[in-house]
Every structure is written in structure tokens, then in C-alpha cells.
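Dumping the structure here so I can ask a few things about it.
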Amino acid sequence: MPFSFENHHNVVFGDCDPAGIVYYPNIYRWMDGTFQRFLQQYGGHAAVCEQLDAVGLGLMETHAKYRRPLKDGDALTIRMEIVEWSAKSYRLIHRGYVGDDLAFEGSEVRALFENRDGRMRAGEVSRLKTLLESHSEP
Amino acid sequence: MPFSFENHHNVVFGDCDPAGIVYYPNIYRWMDGTFQRFLQQYGGHAAVCEQLDAVGLGLMETHAKYRRPLKDGDALTIRMEIVEWSAKSYRLIHRGYVGDDLAFEGSEVRALFENRDGRMRAGEVSRLKTLLESHSEP
Amino acid sequence: MPFSFENHHNVVFGDCDPAGIVYYPNIYRWMDGTFQRFLQQYGGHAAVCEQLDAVGLGLMETHAKYRRPLKDGDALTIRMEIVEWSAKSYRLIHRGYVGDDLAFEGSEVRALFENRDGRMRAGEVSRLKTLLESHSEP
Amino acid sequence: MPFSFENHHNVVFGDCDPAGIVYYPNIYRWMDGTFQRFLQQYGGHAAVCEQLDAVGLGLMETHAKYRRPLKDGDALTIRMEIVEWSAKSYRLIHRGYVGDDLAFEGSEVRALFENRDGRMRAGEVSRLKTLLESHSEP
């Protein structure tokens, strides 16, 4: 099963700035939201963390390129995929489309944060991969 | 034709605060977003303002009561209705449901802001009502 | 000691919508942020909740009237005061000023949420009042 | 005169997610806000765009690395600097500190968007650089 998800958002007036185009931090909100909806298939962030004895599936690094301005009324589709697993992080790609037009492409490098000896640190992510793979249908 | 709209939002992790429940300003974002999606049926905020020679369909007053905490994974339905027209304002009610449970009920008193003699002021809203009524099907 | 706090925010471009004025949910963010900064004097939300064996100092009801549009570059001062204590809630008033001009006035009715028998419910707020009063200087 | 600015934000409860640390899109809001406050020294985004006959000083690309979790109560300092000018873009670095600890470092690649022949496109940024340099003291 591929680790991917497709999400939708109808862009509204309040997502936009005085130049009339989407205020870019909202694009990161939609990227994170798409990952969280992917996780909801496995019980959601809290349930996944509980199973893994983890504190959070937080971020180490994020990035986005803006290809086309988004505006009030645009029907946005966000396609997410986990594209790479390292020892202590995994990388996701998010692409946002309006129809066939690519509006943005972004990435998130995420970790599995654990409390160990009173400190929060990045743990092995293989356990997360195993948990996701163990669901034949999410 | 009733002036109403139904909108949907899947609550995600990032909508919530450290207590694990929705951070309440987001509820106002969803109320405003529901009104904006209602307007998109008529061309959207910019097109409606242009037809009315107005600057914005902004707010005079807002209010909300929180009945039930919203959490990551909740499928929220927001039902909006314009319930009252005054000379220079109109009032909307928004109700948010998860299944049959009422999560919040809120109201917005909106105006039709115009630039007159270099100042922004609230104009007659009857023109907006006429515009909305003139669409037999939005 | 009065239960009050004064907070400051420099309004920026990204706080505003396509009409060029502050997107109103941000005003609630600043109201809530002012209360949270008030709490930081007593250790912050988490420390106060831990002392009171509570889950959160969340909201039952909020309200705001918008008196004057806020714009990019405005130096906003928010003055908060707890004005009323009931058995299971307390009420705060927030007023936002740019210079001497009142931009908004809002209120929050807050509770002290506790987990009791597996359910979240509003507890007696007198314990919170006592905690706040016990600090001669916050 | 260096093109730099220092901004401050007191992190509050509502900036944080259910894991109790800052929800990362807020970090981009603070980066953008720091640039906008830098611009306020020159009259603000709208005034600068008007002088340059531009639509907006928007984004082509953004990036951030998270070094240390930010929490409710942290006094955050953001230091911004424009580090590179290309023909049609310029690059800013933002670093966020709590005391001496680096919490994040990010970058923004910005353009000068113009309407030309009915289309929005990136124009020469040298005019922006000249405008900023012409203020001996911002």
C-alpha cells in the first residue's frame, strides 16, 4: 500500500492577504492537515503516538515552492506521499493543484519525537513504518 | 430561496491547542469561511463587492457559544443562515455539528462597507439582498 | 490586586484580508493571547492547570464588537480585565486601542474544565480565583 | 545600511498544538511578519508597492529548519536579513532565538509581482533595492 493521501480545500477570502492571494503560511497548514488526515486513517496523531510510546510526529524541516497564486474560490487538491524513510526521519512531498495546474509543491521532513531520560529526542522511525504497513487497508 | 449554506470541515491536529481541543479562533474562521463559500455561489466576495460598488462585506459584531469540545478527527458540518435584515446590517447564524451533536452556535452581524467622501462607512444592505434574491438558483 | 493585563501587537500585512483590514478571527487570537500572557505571570496555562488538577481554562462563550478597522502598521494595545466571577465561570473584557481610538471590545466567558468520572466538565472557579489572589505580585 | 530587522514575539498557548509545542505554520507567520515590520519602516507593504507600481512583494520559495521546540511562555527574538539580490528575486534569512538558543532558521525567496498585459509576473527587483537604499535611516 502506498503511503499517500489526497485532500481537498476550497480556498476562501479569509485565507488570502491584502494582495488578494493566499497568505503562504496557510499552505503549510494545508500540507500539515493533509498528513494529519492521512494519520486519521490509522486512528489519528494521538492514537498513533500512544501505540509508539511517542510524544509527537513533529517536524525537522519544511520547504515549499509557489508556482501559481491561489485565490478565493479556487478548489484546491493536495496530494501527499511519503517518499523516503531514513533512520530517524521520513520525508513527505505535497503537491497542490487547481484543476491540472500545479499551485505549489512542498516537502516536510518529520521525526518521531520521544521523551527519553527527561529530554525530547528523535527516535527510530522504522516502528512507525511497520505500524503503517500493518494496516492492509488503512 | 433561503439564504443558507452548509459547509464541511474535517478537524485536524493543527486546529487544536495544547489541551487537545479546537483553538476557538478557528471556529470563527470556519464561520467566516462558510459565509464566503455561500458568496462564491454569487461569484465570490470580490465580484459581489464590485457589483455593489462596495469595499467589503465586513463585520460589526460576532458571537459564539461552545457546547461541546471539537477534536482531531471530528467531521464538522456548519450550517449557516441569514436570519435578519436591518437597514445597514444583516445577521447570520452558524451552527456546527458533529453528527447530531451541536458543537457550537454563533452569529455574525455584517455590514456593506463603502468608501464615501474618503471615509469607510456602512451602507444600505437592501442592495445586497436584492442581488442575492435575483439569482433564482445561486 | 486587579486581575488585568495590557498586551501589545503590531498589526502586519498577514493579519489582514483582501479588503486590507484585519481578518476578524485574529482579533480573538489576540484576546486569547492576552489572557495567556496574563497567566504566564502565574507560570502559564500548564502550570496553573496542574496546580488546580484541571484540564484547561477553556471557553464557554465569546463576543466582539468591531469599532474601527485595523490595518497593517497599526500599533495595537489590548487591555484585559476579569470583570465577573460566577460559580462555574468567569468573564473577561478585552479592549483594543490604536492610540486613543477604540478598535474593538470583546468578552470571553471561561471555565475551569476538569476530568471527572471520565467526562470533561466545568468545575468551581473559586480555586482559580484563590490561586490568582495568593500572588501578592504576580 | 544593512537590510535587517529584529522582531519579538511572546509565544502563547494558542500558538501551540496538542503536543504542546508551536504549530509550525506559525513560525512562517512570524517570519513573514518580521519582513512586514521591516517594510513598515518604509511606509509598509502598500506604500512600497505603490511607489514601485507593483502588486505585491510575494513569495517564490520558503524553507525552515526547526532546531528546538518552542513553547508557551518562550520569549522569541527573530532576526531577519536580506542576504542576496538576484535579477528577479531576493533572499532573506530569518533566525529565531530564545535567549542564546537557536529555535529555527528559515529563508524566504521573494519577488516583486507586477501586472503586465493582464498577467501577474515577477519584475526586476533592483528598483526595490534602490528604494530601500535611498532611505539613509529607514
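Labels for the chains are A, B, C and D, by order of writing; each one numbers its residues from 1.
Here, a residue touches a chain if its C-beta (ideal position, glycine included) is under 8 Å from a C-beta of that chain, and two chains touch if they have at least 3 such contacts.
Everything quoted here is computed from the prediction, not taken from an experiment.
Superposition angle, chain A onto chain D, using Cα atoms only: 180 degrees, a multiple of 5 between 0 and 180. With B-C and C-D as the two chain pairs, more C-beta contacts join B-C. Taking each chain's centre as the mean of its C-alpha atoms, chain B lies 23 Å from chain C.
Taking each chain's centre as the mean of its C-alpha atoms, chain B lies 31 Å from chain D.
With centres taken as mean Cα positions, chain D sits 28 Å from chain C.
Residue positions 13-14, 17-20, 23, 25, 29, 32, 45-46, 72 of chain D are each in touch with at least two other chains.
Within the complex formed with chain A, the chain C residues making contact are 13-14, 16-20, 23, 25, 72. Residue ranges of chain A in contact with chain B, taken from their complex: 10, 12-15, 20, 29, 32-33, 36-37, 39-40, 44-46, 72-73. Put simply, chain C touches chain B in their complex at residues 17-19, 21, 23-26, 28-29, 32, 45-46, 55-56, 58-66, 69, 113, 120.
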